[in-house]
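Paired with subunit B in one complex and with subunit C in the other, subunit A is shared by the two complexes that follow.
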Partner chain A sequence: MSDELGRALDRISRVRGMRGSMWVSAEDGIPVAQLLMEGVSGKAVAALAASLVRKISGTAGAVGAGRVRFVQMEAAGGTLLAALAPPDLLVVALADSRVNIGLARIEMMRAAAAVAP
Partner chain B sequence: MAEDIRSLTAALARDPSSLVYAELAEALRRRGQRDEALRIALHGLARHPQHVHGHDVLARIHADLGDLDRALLAWSKVLELWPGHPGALKGVAFVRFRQGDVVAAAAALEQVLALDPTDAAARRALETVRRGAGAVGAPAALPVAPAPAEAQPALEAGEAGAQERPAVFSGFDRATADILLLDERGLVLAGGLAGADGADVSELAAAGLAGVSGEAKRTGEYLSLGAWRTLVAEAETANLVVAPAGEGALLLVRRDRSMPVGLALRFAERARGTASAWLEGQGA
Partner chain C sequence: MSTTVVEPWAEHPLLRYVAESSARLVVVMTPAGQVLAQHGFARAVDLMAASALGAAIMAAAGALAQQLGERSFGALFHAGERHGIHLASCATPRGPLIVLTVFGKETSIGLVGLFYDEFAAELRRAAPAGQLREPVLAADFEADLNRSLTSLFHG
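Our next item is the complex of A and B:
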């Protein structure tokens, strides 16, 4: 894991309620780097997050909302977050329901901006 | 319509081997009698297995019933019998778009335009599909297709305009331009969505959202997050909030970027309450 990517994950993982964060290839949903709590499947998180982002991005494009930058899916038992880091990466985070989404979002967007060309 | 169905039924009764079965099935489909339409179409095709129009009608019935795989199969049969059949190509585009395969949807529409560059509706549909494909993760480099033109039957499948839909969200800001209620098969129930050019894109949005809902459900299950409650997408010009709105229904709210996400969520929550109450009133 490159230092830069690793440092970003470390910052994100310090947000309360965070169960893990990772860099994912946006196109194929393959993990690039990860920092996850035990029991969290990085491959599953990466694949599902990338697929979800692809789907909602398609809808956003179709309704004229433009390119998606950040996605959050809240569920009964936690939250999945994804920030797009163009051209081809996603920063993905999995958190429990106590997470401060605003803070997580700031860290994730900062991470995404840091790797932008 | 009822008169048409009566006369077509009588014609078919007089000559059961007649090709009029396809017209009857189509009339029944348009009237919403899909099971009866399916029965008539299958019966007719058993007698006329090479009847292009019959397969086309069958595909539309399957699409209305939400059986996309069978619809695709029927439209593929049409294309086998009549390569380049524009209705079938549009049908394939419709199914592929609903399945989230924007590349295949665009390819089918490009074939339509290659055959008839004056098909304006196909061109509009292609532009919409490409906008959907332009997002991260989706293939960005779709080939540039030919020129302009007009109507696009298959992508419309459920052509009611926003003005014909139940006014469930009256009282909400942009009730028929930014709030859409659909079912899990991707069929519009109420509200409406306008595209950047003002055109109604409700059907396309609903078709795409059916896939999003399934993906969110799968994600919640696989990651042991439980049932999903909301999905928010912050995009360049607008924020989208998607949420389940009662048994089998889904709500999409689009809000301008100037509205904070938290406020958009509250707005969506209000709309969801309204939608749920309306659905309960419908016995849904």
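Our next item is the complex of A and C:
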């Protein structure tokens, strides 16, 4: 299982503009596996990304939009991407402005589907 | 929810930690279980029990760590159905402190751990240097405990 998680991170990290990717425990906000560039705090990214996904999922539920599958947050200095891998994991990626979001999304959704029970 | 402190330097870091981590209950204490600051406790008896048990867990975990050849364990985390607890120690110029945090489903262990690191760093910066706590003697313990509780709940 851990090999599979590592290979998925490797594929995601090959997308141009990626600064790192990680598997995160969705409920706890703790890193499970990570492949990050130096200087990126995995602990902070995992905790804050899981919190963001939880809040967005709550909002989606409240407006009747159904289950959230993918979250994209663009900021001035980069982009945070998160794909839900039910029942309890998230694939989280950090990228700079050069990233091909479509390609990153495909790789992340593929990784999430691969670990689904 | 009320926040009360025995030592004023601990107040600002504690308020910030509670706001950022969304913790429900927090106790900052010495390894002997003397409370320096608290958030969320309404009754002295609950605070006494939590601090005594928290200090005892850390002492037991420290002894276990030594058995395994570790200097100490970084932090302990217990997950329950509705609540989780995070228990960790930090070295300050005032001596070692233990922080017990109780949190609910509105936050996560990841967030609590993340903001705990910042809290511990702030406690280290805020603690007055050159004023190491005296070791607690059994004879003084009850009087000391009563002083702390009076200050926290009737101050």
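Brief remarks on what is shown
Quick note on the criterion: the second predicted complex is superposed on the first by the 116 of 117 C-alpha atoms of A that agree within 3 Å, B and C clash if a C-alpha of one lies under 4 Å from a C-alpha of the other, contacts with A are read in each partner's own complex, and residues count from 1 in each chain.
Criterion: a contact is a pair of C-beta atoms (placed from the backbone, for glycine too) under 8 Å apart; a residue touches a chain by one contact, two chains touch by 3 or more.
Small disclaimer: the values here were computed from a predicted structure and weren't measured.
Clash-free side-by-side placement of subunit B and subunit C is the outcome of superposition onto subunit A. In the superposition on chain A, the chain among subunit B and subunit C reaching more residues of subunit A is B. In the superposition on chain A, contact is made by A:46 with subunit C only, not with subunit B.
Of the two partner chains placed by superposition, only subunit B is touched by A:58; subunit C is not. Within the superposed three-chain model, A:103 lies out of touch with both subunit B and subunit C [touch as defined at top]. Seen from the Cα centre of subunit A, subunit B and subunit C lie 70° apart once the structures are superposed, a value rounded to the nearest 10.
In the superposition on chain A, A:115 contacts neither subunit B nor subunit C. Contacts of A:67 after superposition: subunit B is touched, whereas subunit C is not reached. Within the superposed three-chain model, A:30 lies in touch with subunit C and out of touch with subunit B [touch as defined at top].
Judged by the touch definition given at the top, the superposed model places A:84 against subunit B, while subunit C stays out of reach.
In the composite built from the two structures, the nearest CA pair linking subunit B and subunit C is 5 Å apart. Annotation: subunit A residues 27, 44, 48, 50-51, 54 touch subunit B in one complex and subunit C in the other. Every residue of subunit B that touches subunit A in the complex is listed here, in rising order: 100, 102, 128-138, 193, 195-196, 201, 204-205, 208-209, 211-212, 215-216, 218-220, 222-240, 242, 252, 254.
Residue ranges of subunit A in contact with subunit C, taken from their complex: 24-25, 27-30, 43-44, 46-48, 50-51, 54. Residues 79, 107-111, 113-114, 117 of subunit C are the ones that touch subunit A when the two sit in their complex. Across the interface of their complex, subunit B is touched by residues 26-27, 44-45, 48-80, 84, 86, 88, 90, 94 of subunit A.
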